[in-house]
């Protein structure tokens, strides 16, 4: 366009050309530093090539160099929106290898903080998804509601976002005196403000038009691509590790695994994935309510701390239900203070790999919506 | 009636003409500052925040600071851009928006150019702005800009048709294309406004649903023409970064910014003149003095501006094909229905 | 810098008038800061929280812009990896003068927890672009970022716009440097 | 189905290529296999009705000193059982067959294993680096990896 050139009319040159568009790493709706190479035919997406690794922070290298307790802060920084959930599978794996049985109070406390963090995570997921659709206000409303949960977690652990709260054999700090009241107040607040978001965003006619029957992910494709969490449940597969392979004390609680039913469109579309997240917030409230009422308030959370964290020789795969799906750590120990190898089965990484499959043939605006509905966190994709 | 108070006060026609040109310009600048502040503050109110608080009293000087800042920003022209077009685009867009003010009657005593074809002129000149927009998008040599420009062409061209039908209906109803005459026809109480069928016999009640529909059609179309949510597809931030003005910085970006707000006022003014009685007081002769009429006019227009800001912070954005669907399959057929109903009414009246 | 280049010549050696003009220009730049809507890592979430109702970044007159051309400052919110570093440099170059940088969090200050074994982490964003304000913390609390913003505004308020080169040369002369 | 039963099923079909079952708690049960036959074993595991492993959970690459290892974890959504396969390849010639035609998720997982550990997957349609830049040298998770001094003019060590 810049240089002056003679324009010759040749009709054979008038065929339409496909445009290669580079989305990211700096783009308002790539949720961080993802880069997508998009091939467009007009507005229709014909091909998507995700380029990841812009936030590759060498997590697995650090694990090999660090002692076991020193690994937890790095795990926090994987999926930085749901740190509590991240720490759990790793700590659980080390505990299983060392044969540590944690006290009852710790189990309940872990369930409560994880579910609180799950609520915070889903709030961000819905918020940023709304932002992708052009709705700015729900984002700020959800961030407002999230602060109450962050306040509780901050009082417990001292951190607002990255907690480093789980320890092998217990927790870093005991609960504070008004913990129960705070948690109950936070739940009732979430229950009160949640329908606002439903009415403002999720049931909005424009929003439904944008998301219904967009980015349909059939169940068999989802399983073949290894998608888990709300991605898979949105496609109608009730796979939730808290229910299918209950870890910790999840078998004691009464909650429903939410699946997408295709209420406004087809099963497995963007709207389904988000309504699953929305309903999981309600289910998490139920779990927290049961847990906080059953939880023994007396007792020491540091009771079962081992003198030295040095698991015996062995390999273990330990997984837990992260808000985004199945998060697993494969820990190889050779009996030293450092792990020999830690491999993180990162949810977002696997979930993101399905993007090219489900976004072809939709419009460019839909691609952004589909990407938003996957709910990726680049820290976990790139590790 | 067709008098300008400036002409009455000043004898020299050249100086008078100059003053007549300067008044809307000053008004646009002041209005844009207020609208920017309103945008920030209303957004903050909707989002339970405070908004700008540290610039002047409660942040009221914020738009002034923005302008001072934008004046000093580096003026970047990308190397690969088509430089003449790139530099011309924002000025063309602002000129188009500003030219519309020539026929807007702020009051019966202030009409910059009292031409008979005022409605036709403002509609024609309003379409010129899209050329500036496309020019900017194309000349930037940026794919996002190009996408934004292409989208906006499709959008604005499509939505001009329902808007034109709404305008045509009112022209039929009022029998004039002179904005001042149209406004004058609606004098009296608010049931004489064209949104309520205009002045007429009691059985004009039958036509009220259709004129209300026309008002709605015009409102939606103008939302699309001014690129406001839910039709802000040409600059949809989450998709195409900043749309056609991605590559613009400093003063040229400010021109786009001003043009956008000036356009908003133009369409608001047309809406008020056609449907909501223009500069007339809603309550008959109450507060309908010559000095209150511009105040009524500006207040009514500001209400529409407020409405668009409110909508912006509430609704998500539509998709391109849904936007086209809305225009061609919803607004256009209903526009025709309303137009025929109104024409029938005029014939029977 | 557009207007400023033209102002530079006739105001050479001005007195009080010049001071006031400079004050007004600095006031505008300090009070109207548009930032690039750009997040890197963990800090980006806290950065979003700063925009949220509890902390309300807009109180300082900041507005998010998605295009670097229209942004006044960029917040490097998170770990800068080697793969990303070149892009950040490009973004910084695309921004229009006057432009500022806030480095948010330990990672972009110095590499943070990845300083030792991070084979793919740039140890401090100041190795590629100049930084105006460093905000420590991992991640910094929203209040810390707001303080960083206030510091940046203070810095902008006291900037010398006119005769910048002359003043720098005088300072250099005092220090005994001879830089052309 | 328990690990022992799965092992027996595989042993029955593939005989010598299934080496041993390691199932000493607390470690997870792992079946050691011959890497060259990985594709056939995996296909059998996916398609056989009683096994029906439709979900490849993860691919873990290991540096075992002289050898490299790859661990595949499978899960069956239908039967709700889980098993891990382990294949060992020599470090100087680390080649395994690709599984991306059986489970699409293997596409990215194998690219990651190639990027970080340097295991080559034969038949992969696009085996390029995924996390590190495309022009990165070496495979960082190997024990003998040395961090480069400079990358594109930027100093890497602190």
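Order of writing sets the labels: A, B, C and D. Residues in every chain begin at 1.
Convention: a contact is a pair of C-beta atoms (placed from the backbone, for glycine too) under 8 Å apart; a residue touches a chain by one contact, two chains touch by 3 or more.
Note that the structure is a prediction, hence the values are computed from the model and not measured.
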{"item": "Central chain (by mean CA position)", "value": "A"}
{"item": "Averaged-CA centre spacing for the pair chain C and chain A, given as whole angstrom", "value": "32"}
{"item": "Chain centre separation (chain C, chain D; CA means) in Å", "value": "46"}
{"item": "Separation of chain A from chain D, taking each centre as the mean of its C-alpha atoms, in whole Å", "value": "25"}
{"item": "Chain A, residues touching no fewer than two other chains", "value": "27-28, 53, 56, 58, 61, 140-141, 144, 382"}
{"item": "Residues of chain D whose C-beta touches two or more other chains", "value": "131-133, 140"}
{"item": "Residues of chain C whose C-beta touches two or more other chains", "value": "37, 53, 66, 83, 116, 119-120"}
{"item": "All pairs of touching chains, each written as two labels joined by a dash", "value": "A-B, A-C, A-D, B-C, C-D"}
{"item": "Of chain A, residues touching chain D in the complex", "value": "52-53, 56, 58, 60-61, 64, 96-97, 99, 220-221, 223-226, 237, 239, 244-245, 314-317, 319, 326, 328, 330, 332, 341, 343, 345, 349-350, 353-354, 357, 382-383"}
{"item": "Chain C contact footprint on chain B (complex, rising order)", "value": "40, 44, 47-55, 59, 61-62, 64-76, 237, 241-242, 245-251, 253"}
{"item": "Contact set on chain C toward chain B in their complex", "value": "1-4, 24-25, 27-29, 31-33, 37, 53, 56, 58-61, 63, 65-67, 69-70, 72, 96-98"}
{"item": "Chain A contact footprint on chain B (complex, rising order)", "value": "43, 46-49, 79-82, 138-139, 141, 143-144, 147, 229-230, 232-233, 236-241, 313-322"}
{"item": "Interface residues, chain A side, partner chain C - complex", "value": "25-28, 32-33, 53-58, 61-62, 65, 73-74, 77, 80-81, 124, 139-141, 143-144, 146-147, 150, 160-162, 378-379, 382"}
